[in-house]
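What follows are several structures.
Next come two complexes built around chain A: one with chain B, the other with chain C.
This part shows the complex of A and B:
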């Protein structure tokens, strides 16, 4: 756009930016406090809260569980999401529009409704509270997101390269694995990182599906905020903000195909 | 023949070459996702619907109990109030931000995008914790007011409706900025230039051209914010008070505290119907304005 930017607009935009970024910035100085009291500005400088996080067996166990779940979710959501994105972009069959709506559905249903359904369903199946239950739930929750990112990547590559491979005798499967996948490796990596992060931070589904044995980091944080507002949260929040920043910058860089 | 020259041949004989790979073969690639959605999404939703009608046999007692309870109507009102207010407020703040970002050059725009993406990708728990620190009695805002203006605010800023709204709007703004920004960037600049040449003031150009063309994106954002906020669970629980309980928190109460799955499921079905109705109304608005 080529219009000029008026001063009131600049001020309004600046204020909204400040509001958006304030929570991420505030946790950083808090995390180096040397006191167990939560106050601002924090007193002194120390690594105390970080030591407390890494030395706390419950926090470490929750972090490991979240990492485990998010890794499984990344694998499953990519294994299902990448092929379906390919079908949606390249197949012009009549039923494809229906499949598209079907796959995007989890985005339009409030998460709490889906989480309750999973809770009852997995209880009947006898797998409630397991890591597998968490992986299945999060994979479906993330699927529309993975599909959208991969579709955007596929739209940027020339479909006739695939046609050429076919003309030269490659099977449909061979074209998919040897031609399509390498061309969209960047968007796939971005989708995988996003899927990992969404699962790592997800609260509602995990609240219904996790058990004390499979408590994820967000659930541990949730109970900690609810009951005591422990200062350790500042250290964990800073680390999580750092993780978000890395994934968001890498994701933007990787989303261009053949990058 | 190299792949590149084969590609150019294929470019030339587009129609015939395409038939080499029948579409139904490619459609098979959707099978794993369809199986996953059917087994882990559709079945659970069907189970919720069935459970809402089942308590030792078929019954509509769950729905009767809900519709007859004053608690439900109060919580539904709170939920709709928070949903509509938060959606409106985040559109009001998100639109100028998207408009501003749209006018920036490439590099500043990339930086601005990261400033919007970072809160988007930040855990809701990190944000909730941060807002408790910012808005609490010993928090940053109150401490600064005390120290610099020796002002004591009578009202609390968190664990009430104010806290919920701050948390919700912060959560929703990025969902408004992205669609609106995409729309603004896709609008042909010639239209605005033409309007200016024809003698329109900047204000008229904005309201009669830019804003009208961005209505579909506003509707898309509104649908997203409504779906996200009507089922919200964490924000009212952590930043709200007892009177800011929303439907999602009530579902949680019936599932885990009262252990009444029939009630929980009936509530979930009602929530799904209400959000579906709101989406339907909003998408109608969109199709009217395209005519």
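This part shows the complex of A and C:
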């Protein structure tokens, strides 16, 4: 597909790409530094910073909190997003376009505004600062992403398969659970992984909704950089980059439904 | 006839906004019928099939199954089977599990399921492929799996929506035979949608011709071919020569028609015509013979013309005869026995009066 692109254009694109990705990659050599100070290039090789991360109770607590939140978000955003996507693709009802726009809203509203809204709303409900608030907030934020990935998968599925199953005797619910879900298991898994990653990585909403008891990893990283510029951040960033990479590769591989 | 039809469609209409997809369709399907819904694409034949299946809701009218009103019953509780053009097999299940699907829904026990699925696989000659996935099979094999899946639970009616449309000609002919065989062997009732008139003629016990969202003619393939009741049917089913003319009364037991281009021909007796009424004559190409100007042609309809084209089709000679500036008549005669006529020779078209069908609309 890229064969017809001319060489100068390829070089230009490569330079832009390198410029964009360089800041992400620069932390990788730094994470193996043996120095207490952040410096580039690193003076020597060691696993010191990784040991510091895994041995630090605060870092571990934040990682557990992030994992907990992201897992809850994955479950909740899939449980709501998959049926919504199915309804949006298959329904011929009047007003589907309006519902679709409504579902996509969290993607269009500036995150900071969205986060502020959630903060005020959850304070009113008396759940601000809790893990539940983080899960709910991130789930709404991730819903459009889940819905988009699942819709893309569903569009590849021949609707007559569902019609055939129904004529053969399966109820609408049975068709959904034993025909539709298995066919789009790949896209659902991809959507789940992306949802996990987005939540794990998210700063703005988490900043508004977390408390010292429920500090997620990115929030912990952000606050730590304000007090002391700890080189541990390089190790954590490298691990996060690795996680993103693995999830993105798996996600892209799984995105298409079985056909 | 007091036998209750297995499916009765009564005054069924389907309207989407301002688009009428099906208008006032009424048709009865008897047990054991092979009814083909034949029509050009977009004529509403698939809409009619889908409303029988319950997939498309009716805007008005009724669907009765064995005398019971099923109009509001969802497709999964109508007890039908269905086969689609694009197979619609479940990609995540093996061939065995695809065929077992309707049986599992009916909570049959697993030893019985195994027996039934294996029988169905034998029936479509795919016994060795039970553990394959659909995408490992060819198109023809996938469609045979879909057929097995549609017959395995002995549904009251099997609905087929252009099941051979995606296959190439040779496979199509093979599968036509298999579907007819299945129909005969199982005594099944089939409703079959196609736009291919040859397929409709060769497979059906009855054909319903659909055009412009309406059921316009229902009859046996033989009637539809030899005695169509409308110009549309005559033109859509098989090849036909259509000639315009005016009815000029009856003589010697035949109806006579004066052709627009001149000449008087006799046709099958037709009732309810007024003298002077505009009619269309239909002649099948194989009903016409060619003769030289001095051959004996007593008792036949005659028309003179000049050979415009003459070619060997294999089984037949196909000869196009120009009768006048506007009218060209296609003639097909068995190549093994019929004489060949060079282009531009003067010939006589001759055919029996009973092979002339007079149509009024």
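Methods note: the second predicted complex is superposed on the first by the 250 of 259 C-alpha atoms of A that agree within 3 Å, B and C clash if a C-alpha of one lies under 4 Å from a C-alpha of the other, contacts with A are read in each partner's own complex, and residues count from 1 in each chain.
Throughout what follows, a contact is a pair of C-beta atoms (placed from the backbone, for glycine too) under 8 Å apart; a residue touches a chain by one contact, two chains touch by 3 or more.
This is a predicted model, so every value here is computed, not measured.
Quick check for you: in the superposed arrangement, does A:12 touch first (chain B), second (chain C), both or neither?
first
Figure out whether A:242 sits in contact with chain B (first) or chain C (second), or with both, or with neither.
A:242 sits against neither chain B nor chain C.
Does chain B (first) or chain C (second) touch A:79, or do both, or does neither?
So A:79 only meets chain B here.
In the superposed arrangement, which partner chain does A:20 touch: chain B (first), chain C (second), both, or neither?
first
With the two structures laid over each other on chain A, which partner does A:164 touch: chain B (first), chain C (second), both, or neither?
A:164 contacts both chain B and chain C.
Which partner does A:113 contact after superposing on A: first (chain B), second (chain C), both, neither?
Touch partner of A:113: chain B, not chain C.
Quick one: is A:183 in contact with chain B, with chain C, with both, or with neither? Answer first, second, both or neither.
After superposing on A, A:183 lies in contact with chain C but is clear of chain B.
Between chain B and chain C, whom does A:174 touch in the aligned arrangement: first, second, both, or neither?
Second partner only, chain C.
Mind sorting out which residues of chain A both chain B and chain C touch, each in its own complex?
158, 160-161, 163-168, 172
Sort out for me which residues of chain A touch chain C in the complex.
Residue list for chain A touching chain C: 158, 160-161, 163-172, 174, 179, 182-183, 185, 257-259.
Which chain C residues qualify as touching chain A in the complex?
Contacts found on chain C: 53-55, 74-82, 84, 86, 88-92, 101-102, 105-106, 135, 146, 149-150, 153, 159.
Within their complex, state which residues of chain B touch chain A.
Residues 1, 3, 6-7, 9-11, 14, 17-18, 20-21, 23-34, 36-37, 40-41, 43-45, 47-48, 51, 93-94, 96-97, 99-103, 110, 112-134, 138-140, 143, 170, 173-174, 184-185, 187, 189, 192-193, 202, 205, 227, 230-231, 233-234, 237-238, 247-248, 251-252, 255, 261, 264-265, 268-269, 271-272, 275, 279 of chain B touch chain A in their complex.
Please name which positions on chain A make contact with chain B in the complex.
1-5, 9-10, 12-13, 16-17, 19-24, 26-27, 30, 38-40, 76, 79-81, 83-84, 86-88, 90-93, 95-96, 99, 102-103, 105-114, 116-121, 124, 136-137, 139-140, 143, 147, 158, 160-168, 172, 175-176, 197, 201, 203-204, 207-208, 218, 221-222, 225-226, 229, 233-234, 236-237, 240-241, 244-245, 247-249, 252
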